[in-house]
Amino acid sequence: MNKLDRDAMAARVARDIPDGAYVNLGIGLPTLVADHLPEGREIVLHTENGLLGMGPRPAAGHEDPELINAGKRPVTTLPGASFFHHADSFAMMRGGHLDICVLGAFEVSVGGDLANWHTGKPDAIPAVGGAMDLAIGAKRVFVLMEALTKEGRPKLVRECAYPLTGRACVSRVYTDLATFDLRPDGVVARDLVEGLDIDALRRLVDLDLRAG
Amino acid sequence: MIDKIVPTPEAAVEGIRDGATVLVGGFGTAGMPFALLDALIAQGATDLTIVSNNAGNGDAGLAALIAARRVRKVICSFPRQHDSWHFDRQYRAGEIELEVVPQGNLAERIRAAGAGIGAFFTPTGYGTLLAEGKETRTIDGRDYVLEYPIRADVALIKARAGDRHGNLVYAKTARNFGPIMASAAALTIAQVSEVVPLGALDPECVVTPGIFVSRVVVAHEATPPSW
Amino acid sequence: MIDKIVPTPEAAVEGIRDGATVLVGGFGTAGMPFALLDALIAQGATDLTIVSNNAGNGDAGLAALIAARRVRKVICSFPRQHDSWHFDRQYRAGEIELEVVPQGNLAERIRAAGAGIGAFFTPTGYGTLLAEGKETRTIDGRDYVLEYPIRADVALIKARAGDRHGNLVYAKTARNFGPIMASAAALTIAQVSEVVPLGALDPECVVTPGIFVSRVVVAHEATPPSW
Amino acid sequence: MNKLDRDAMAARVARDIPDGAYVNLGIGLPTLVADHLPEGREIVLHTENGLLGMGPRPAAGHEDPELINAGKRPVTTLPGASFFHHADSFAMMRGGHLDICVLGAFEVSVGGDLANWHTGKPDAIPAVGGAMDLAIGAKRVFVLMEALTKEGRPKLVRECAYPLTGRACVSRVYTDLATFDLRPDGVVARDLVEGLDIDALRRLVDLDLRAG
């Protein structure tokens, strides 16, 4: 089978973001989604450190240390942008004003629980940032992640083993093998990659899936 | 006559006491008040509780304060970074306390302190490790955690420009925690790139009204990149 | 392409349903969206719950909506004014419900709705008639009342200028409830004196980011004095 | 005795407002205080409808319906002014950032309870506005009122009969007869008007006062 590469994964998410949407892209893989937004759609990007209307990375030499995204990387503004402080920015998220938030994850449960902030290892220094706010901070929360760990264990699971970031908050999971809709009546898998059928996918992720 | 302009960062941090709770602005290096933190290190106050988004970057600013062993406890959302080595070392050695707070709860708790709110129910963190032992409640079918204000003795923040009344405007995403921290401390000290005459700031665009600010000092410094 | 500009106040109020909860901006006449209220009267929605600081002044705007008998209930801080005769008459006749809320609690409840806060403890009103029957708590020696968010179906607000993304700036004290009401309704409709091109508003000075605004319409009207 | 007139009462309050203070003057008699602020002091006036740095009434013909105070009267701005929305304005009050708030009252109790919003009459339409926020909304709350009603009943009382605006919030009461400091150990009267002694004042207000 032809697993999707990171760009192809990001493009799948990007394809599903409608014109006019207000979107927050989490740190890491989700950030790539910005590079694949379809032409002709106007999508407003939010970064939780206080900016709506975030534009792409500036040209080399034009970086401004006071204009950064949540990953602390230099960005730009687009026409129509606005700056605001942290309480206002997180109010915007918590209040459900963003249409879509795309996050990475260690694990997602079929019930939509998200684990993406803490490995739970005793020697790990805990650091949550905005992860828990993002988990509950949009009308729809999508996860973008590889379907399997490097060791081949599925990351979409019945119950998360890692400490949770939020409960019952994820509605869809985009992976390098397929897209999974987490519904109250079960998980629907669709857009399986070339060379992968639903039975093979069921075995790989060890879940009772319906084909969508 | 109101004149909150002080001549030097050293004068600006005068009177900060050992054991104080200090809000430190910034998200990474953007909005971090380096000149005030340098002055605070020179001033000598120790046993501090620091409330900030991160736990210091590299060897300057908040990281330098931690390296100087002036910090007893850090309340923040994201201590662990690629360049938070001073914090990391002291934390692993059990020499510094840590309270991790989800970023939006941190912001809202600071805002609540400034706004006179006694406590509030937030959905963020419900059902997670960071809500363990906290009061919860289901309201209209949604689950919430009760969180309390974070009040401070001092706020150290950075703004783009200020006037002698203490009115402030910020620079881009360096605004971050400045306005809410200004409201939550008994003594708010702002370093600014520029002091402007009273009346030069458009009343429609003032972000922090001077009522929240005690002292303003000019500091010419380039913000080091966070990346 | 995002274009929230609609051609007329009539188009702006389309779809407001009978029984809706409607936030109406303004403090007296300053910030009152007269054109939208006129359009709402023409549109015909009735049995409305209105949340506003006052209960109408004179015969125009919110007062006209009340006079047209479209309002079932008013939630406000200060209904009784020298020129609130339409409200006064219906209230005394038992034809309109009233919930009086201290002004700051009204503002904070609206803000809480927009900010996803489930409830909050406020000191305002503690020990008074307006806190009767409400949950109270002593926190750090101070007494508080628990208040809940006010969410709405629709917000009708007035701003000075807006762009096609719905970014808004306001005029002086006509800002009042606009920014928080914009955040607390499923459908936020802003009348503006002027539409400006995207990018014309300084990102540092935008007061209401467009994410909170659904529709923007130009209305050329002079604000009648409140005095 | 020479009762103070309204201007003289306002001037007494104004005299006690220090340079650099942030002050909210309630509707009615307290508004007069602005006309008596001593020369050479810079005092910043707050109006709870969203302005710090309020200036005097504009010249006739220069009124702006969008620039008003909490009494809905036209005002101006002074250099250094700022506008903000209602949640921010009342946060400023509730958070204890104002130095002084001066309010009118129907009654004040010796314990600092304030009654100034509602007569409690069955046919009265209740209307509170910002009264309860102002009552708790400053480091110090002063009341400015006549010492006696038109019928001669004292307005500084052991317990308020009118519905309360706030509990234990008033620290000082300025009147046309004297100024009263409400202290935990009792009421101290000072600045008695010419021709009034402490015994006469005790009889008038029917309270056990100490001379200050």
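We call the chains A, B, C and D, going by the order they appear; numbering starts again at 1 in every chain.
Rule of thumb we're sticking to: a residue touches a chain if its C-beta (ideal position, glycine included) is under 8 Å from a C-beta of that chain, and two chains touch if they have at least 3 such contacts.
Because the structure is predicted, anything quoted here is derived from the model rather than measured.
Student: Identify the chains adjacent to both chain B and chain D in the sense defined at the top.
Tutor: C
Student: Can you work out the whole-Å distance between the CA centroids of chain A and chain D?
Tutor: Chain centroid spacing, chain A to chain D, equals 54 Å.
Student: Quick check: how many Å separate the C-alpha centres of chain B and chain C?
Tutor: Spacing between the chain centres: roughly 33 Å.
Student: Taking the mean of the C-alpha atoms as each chain's centre, how many Å separate chain A from chain C?
Tutor: 35
Student: Please tell me the distance, in whole Å, between the geometric centres of chain C and chain D computed from their C-alpha atoms.
Tutor: 29
Student: Scan chain C for residues touching two or more other chains and write them down.
Tutor: Residues 108, 111, 115-117, 122-123, 170, 172, 203-204, 207.
Student: Which chain D residues reach two or more other chains?
Tutor: Within chain D, residues 51, 77, 83-84, 91, 93-94, 136 contact more than one other chain.
Student: Graph shape for the chains shown, where an edge means the two chains touch. Line, ring, star, complete, or other?
Tutor: other
Student: Please give all chain pairs that are in touch with each other.
Tutor: According to the stated criterion, the contacting chain pairs are A-B, A-C, B-C, B-D, C-D.
Student: Spell out the residues on chain B that touch chain A in their complex, using ranges where they run on.
Tutor: Per the touch definition, chain B meets chain A at residues 27-31, 53, 77-81, 88, 91-92, 98, 100-108, 110-111, 122-130, 143, 170-180, 207, 222-227.
Student: State the interface residues of chain D toward chain C in the complex, per the touch definition above.
Tutor: Interface residues on chain D, with respect to chain C: 47-51, 63-69, 72-74, 77, 83-87, 89-91, 93-94, 118, 123-133, 135-137, 163-167.
Student: Which residues, counting only chain A, touch chain C once they are in their complex?
Tutor: Those in contact with chain C are residues 19-20, 22, 40, 42, 44, 46, 51-53, 77, 79-84, 91-98, 136.
Student: Show me the residue ranges of chain C that touch chain B in the complex, using the header's touch definition.
Tutor: Contacts found on chain C: 108, 112, 115-123, 137, 139-140, 142, 144, 148, 169-170, 172, 202-205, 207.
Student: State the interface residues of chain B toward chain D in the complex, per the touch definition above.
Tutor: 1-2, 111, 113-117, 163-165, 167, 183, 198-199, 201, 203-204, 206, 209-212
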